Amino acid sequence: MAWFRKSARQRHETLDEDLWTICPSCKVHTYKQEWQAGLKVCPKCNYHERIGCMERRDLLVDSGTWREYAGHVTTSDPLNFSDAKGPYSEKAAAAKAKTGLSESVLTGDGKINGIPVSFAIMDFSFLGGSLSGGAGEKITLTAEHAGRHRWPFIIISASGGARMHEGIVSLMQMAKTCAAIARLNELDVPYISILTDPTTGGVSASFAMMGDINIAEPRALIGFAGRRVIEETIKQKLPDDFQTAEYLLEHGFIDHIVARKDMKEFLHRVLQYSQKH
Amino acid sequence: MAWFRKSARQRHETLDEDLWTICPSCKVHTYKQEWQAGLKVCPKCNYHERIGCMERRDLLVDSGTWREYAGHVTTSDPLNFSDAKGPYSEKAAAAKAKTGLSESVLTGDGKINGIPVSFAIMDFSFLGGSLSGGAGEKITLTAEHAGRHRWPFIIISASGGARMHEGIVSLMQMAKTCAAIARLNELDVPYISILTDPTTGGVSASFAMMGDINIAEPRALIGFAGRRVIEETIKQKLPDDFQTAEYLLEHGFIDHIVARKDMKEFLHRVLQYSQKH
Amino acid sequence: MDLDFEKPLEAIEQRIAELKALNNRADVNFDTEIAALERKLQTASKRVYAKLTPWETVQIARHAERPLLRDYIQGLCSEFIELHGDRCFGDDQGIIGGFATLRDQRVMLIGHQKGKTIEEKIKANFGMASPDGYRKAMRLMHLAAKYKLPIVSFIDTPGAYPGFEAEARGQAEAIARNLTEMSLLPVPVVVIVTGEGGSGGAIGIGVGNVVLMLSNAVYSVISPEGCASILWRDGSKAPLAASALKITAAALQEQGVIDEIILEPEGGAHRNPAAAINATGDAIVEQLRRLKKISSKRLIEQRYEKFSKIGRFKK
Amino acid sequence: MDLDFEKPLEAIEQRIAELKALNNRADVNFDTEIAALERKLQTASKRVYAKLTPWETVQIARHAERPLLRDYIQGLCSEFIELHGDRCFGDDQGIIGGFATLRDQRVMLIGHQKGKTIEEKIKANFGMASPDGYRKAMRLMHLAAKYKLPIVSFIDTPGAYPGFEAEARGQAEAIARNLTEMSLLPVPVVVIVTGEGGSGGAIGIGVGNVVLMLSNAVYSVISPEGCASILWRDGSKAPLAASALKITAAALQEQGVIDEIILEPEGGAHRNPAAAINATGDAIVEQLRRLKKISSKRLIEQRYEKFSKIGRFKK
């Protein structure tokens, strides 16, 4: 849930000259243009920078096939919530203005090399990709839509967890979205989960973990409880690789770690096994 | 599978005077009559001596309600097997003569405080309770019979594992009996597994572990691989309580440990939850 | 063990006790004084509990003498056959469950266990369940489905256990699986939030056809302390966060999450556990009677609709 | 690395190699001699392999150069997408699996992995799977059921891993659950015993609609060594036990356990892996084509009947 506390690993430093990107992981300098062309993945150490939902969509969906779904759903403020920094409604409005998104998740349909698929793509830059009533609603509506069309459903998670500004409504989205996934299972409609950096809290403990196939980006942070909370609980330091995609692969929760540039091709290969044979 | 190697713990010493039973576990002397009246359970340390299928039946089934089922099935000798001690057929004949049983399992129907139930009750004294083609057949036929009548099915295991003298046929009984249990699950027919000393090898790795509820007698030996094999594999001594009922309870594989004298009442209580409400 | 806002009541109670001890000794009679004090106590009590702040409610929900799962079982069930194990790794004590006869109803009862004594608390991890706890709960719920038994789930947890092993063995996966599979259970599921409904650890056994809640229980996406330290950067602002999060029964009923509030006796469940337990029993049995008339198919649909509606977008 | 009974063949082979090396050097020609020796090799070879004892077959089944799962995948599959993890504890390497395109067939492929190099062998525990391996396999088989993919299961294991942790985490439960749940799979299940079919560890992924077996593979309730040390009280009597247990493909086909024997090239699969792999591919594809025409309901029934018949009592 602590999506606004950026860890050192994820904080970027850029040179003033706007020419270089310094990899936050290995500190290597890469030409900004090259960094962009490399899909914001460090050519040296394979560090995958966070990217937005639009970029993800463009990486995965066949050009010209995207149609947004449930785009009318936007943030609500069920609690009329305010905190030290002011009203949640203002914070949400600012996030909308900054990102151009209506919620922390973009939903719609498109094709992957010709195969029709429904998508829910989370965006960490919208309030830390937090799961709100609106986000849960978009995911659920899109899952139901995928079910009606018998289209495979893909969720790309990037989230610090539930959006506490919406209180219990945000917590309930875990149950709501999982129920929608359960219905897809009943219909034998494929559901693939892609876990990107970070996928934590209530998002890891709901739809993100329930893919027929769980795919992660390299070194993505994936976990339920926060690192600091665990260290306080057990009174000792955690291993460095704890809660990384690689750690989860080894512990049985991830099927495959796939680099960003290979993701579309990998999805296409996998989806072929879920089509009529 | 090494059912004929009696461990020290299970070897009994009786005094010549036929008056006392010495508990193999705590060495306390108990009058034979008292030992019998106590259902062959040590009054001092709760050690549960192995008992035969007839004794078990009489402890559990309402008087006068027992009807044997599949009693015509007896041992076969599919391999025409002989070992150092001679032909398997002779060994089987001797076991039949000694025990008065046709196989290592007694199958039939009876009532538990008025509730009709189908039973398969293994007997360790018949070739170590080993799972043979005949035993698997009896269990499977009785499971099917229970399914047709929608009667709860109870298996009481006491077995060193598969009967190697029947080769692959004995191994296949693991799959055969589990398939019969799967059908009971499909029919929502209750299946309760009672694991007594010992339940090991292929019996532990098939029907014995698949109860809706797994019940064990105190301190029963329950495990897949033999203790010595494991110690040889890992090159270290195992903890004393390893593969005991209590160990399995703690590790999540047993629902309840129930003393012999309480078993019928416990089953009756549990069965009421599986009846129409 | 009284809470700060209960101090005035405590003073009156103490005075009553003193007078009762003296009463009729040495021919002095205090009946009139005692009656007056008792009236005063009642009035004061009404005043205090009528205007509890959310933060005060949190204190009551966590009160050391508040009835726990074992008290409900003892008070309501003529029989409880505990079933153990997740068939995979262990037998967590943070969640327990088994067959129960609750009043006249045979059910599968599951719930968080916090523990009374310090040994029990440690064994149960103070009600913070591990993956094996959630997996055991799900196994028992599938068994209930096979036996066509209604499920009664008692929620009282600070949250799922944030430990190293719990994380390594899939705390996230275990909760996610429960949320998914509970949604398809073909039997009635009655959930009762009796104390603390702590986030994912609570909802992990909380997908019910109805969700009941005791009047002084709380149910929240994050603890007030956690929320305060994140959004106010100051843990001591927990009372503020408790208000902002709207975590009391009444607020949650307004949000459509809670279907029915079980009124605690005056002064809270810890002042009269028997009455609280009894009221809880009444509410559960009423729901069971109603839900048992509904078909499996409709139960699944209704549960789906209940959660679908939460956060439904209206424009 | 030749086996004892292969020594005579080895001698002839060596002589042929020598002659070939000398051939046409210094104007000497050995063509006639070479041709004669090759005829001799063929005859000797036929003689040796036509009357292999069961114990010799065991040696071949365990031969270090016998093709392993990865060889079959490489030889038969244009694509293999390995899927990982049991969603509970780990990602055992003793059993692996994933989506595969075997010839023209999309399938869920699973199987025991023994490993080629010593590192691989250690990682895969020499093909002895742990509970997480069996649970991973079952997860993938359920996924195959959802995606309506046939399942192809390759058996080659000395047995399930008899380790402390494997036992503590439910080796018995994991195998039992697979036996139970495999019996209800609504898709075709083709099982192939390619090398060692070691007891419970083998049947744990072996409940198929058809069970194929390579001609020099073995499948047994216990290893010959184990059987000998128990029933003969002498491990060196393994050859005797191997005979008595009737563990060769032909004997097992007679017993109704094996549906089809895949003929290995002369000298065994290790002398011509490509041919063995190819024959295996042919057999699998033929079975898949046949089974894919059968309804789910009938597949489940047929699988049940297949195993029911084994040990069926006749009098």
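Which chain is which? They are A, B, C and D, in the order written, and residues in each are numbered from 1.
Methods note: a residue touches a chain if its C-beta (ideal position, glycine included) is under 8 Å from a C-beta of that chain, and two chains touch if they have at least 3 such contacts.
Everything numeric here is computed off the predicted structure, so don't read it as measured data.
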item	value
Set of chains adjacent to chain A and to chain C	D
Reference chain D; chain at largest CA-centroid distance	C
Which of B-C and B-D has more C-beta pairs touching across its chains	B-D
Centre-of-Cα separation between chain C and chain B, whole angstrom	42
Separation of chain B from chain D, taking each centre as the mean of its C-alpha atoms, in whole Å	33
Chain C and chain D, separation of their C-alpha mean positions in angstrom	55
Where chain A and chain D are represented by their mean Cα positions, the distance between them in whole Å	42
Residue list for chain D, restricted to those that touch at least two other chains	87-89, 169-170, 173, 177
In chain B, residues with contacts to at least two other chains	185, 251-253
Chain contact graph, described as a line, ring, star, complete graph or other shape	other
Every chain pair meeting the contact rule	A-C, A-D, B-C, B-D, C-D
Contact footprint of chain D on chain A as seen in their complex	185, 188, 190, 212-214, 249-256, 266, 269-270, 272-274, 276-277
Partner chain D, residues of chain B touching it in the complex	1-2, 4-5, 72-74, 76, 78-79, 81-85, 132-134, 136-137, 140, 162, 164-176, 178-179, 181-183, 185-186, 201-202, 204-210, 222-226, 229-230, 233-234, 236, 238, 242-243, 251-253
Parts of chain C lying in touch with chain A, wherever the complex brings them together	160-164, 166-173, 175-177, 179-184, 199-200, 203-204, 206-207, 219-222, 226-227, 230-234, 237, 241, 244-247, 252, 255, 257, 303-304, 307-308, 310-313, 315
Residues on chain C engaged by chain B in the complex (per definition of touch)	79, 81-91, 99, 106, 132, 136, 143, 146-149, 292
List of chain C residues in touch with chain D within their complex	87-89, 131, 135, 169-170, 173, 177
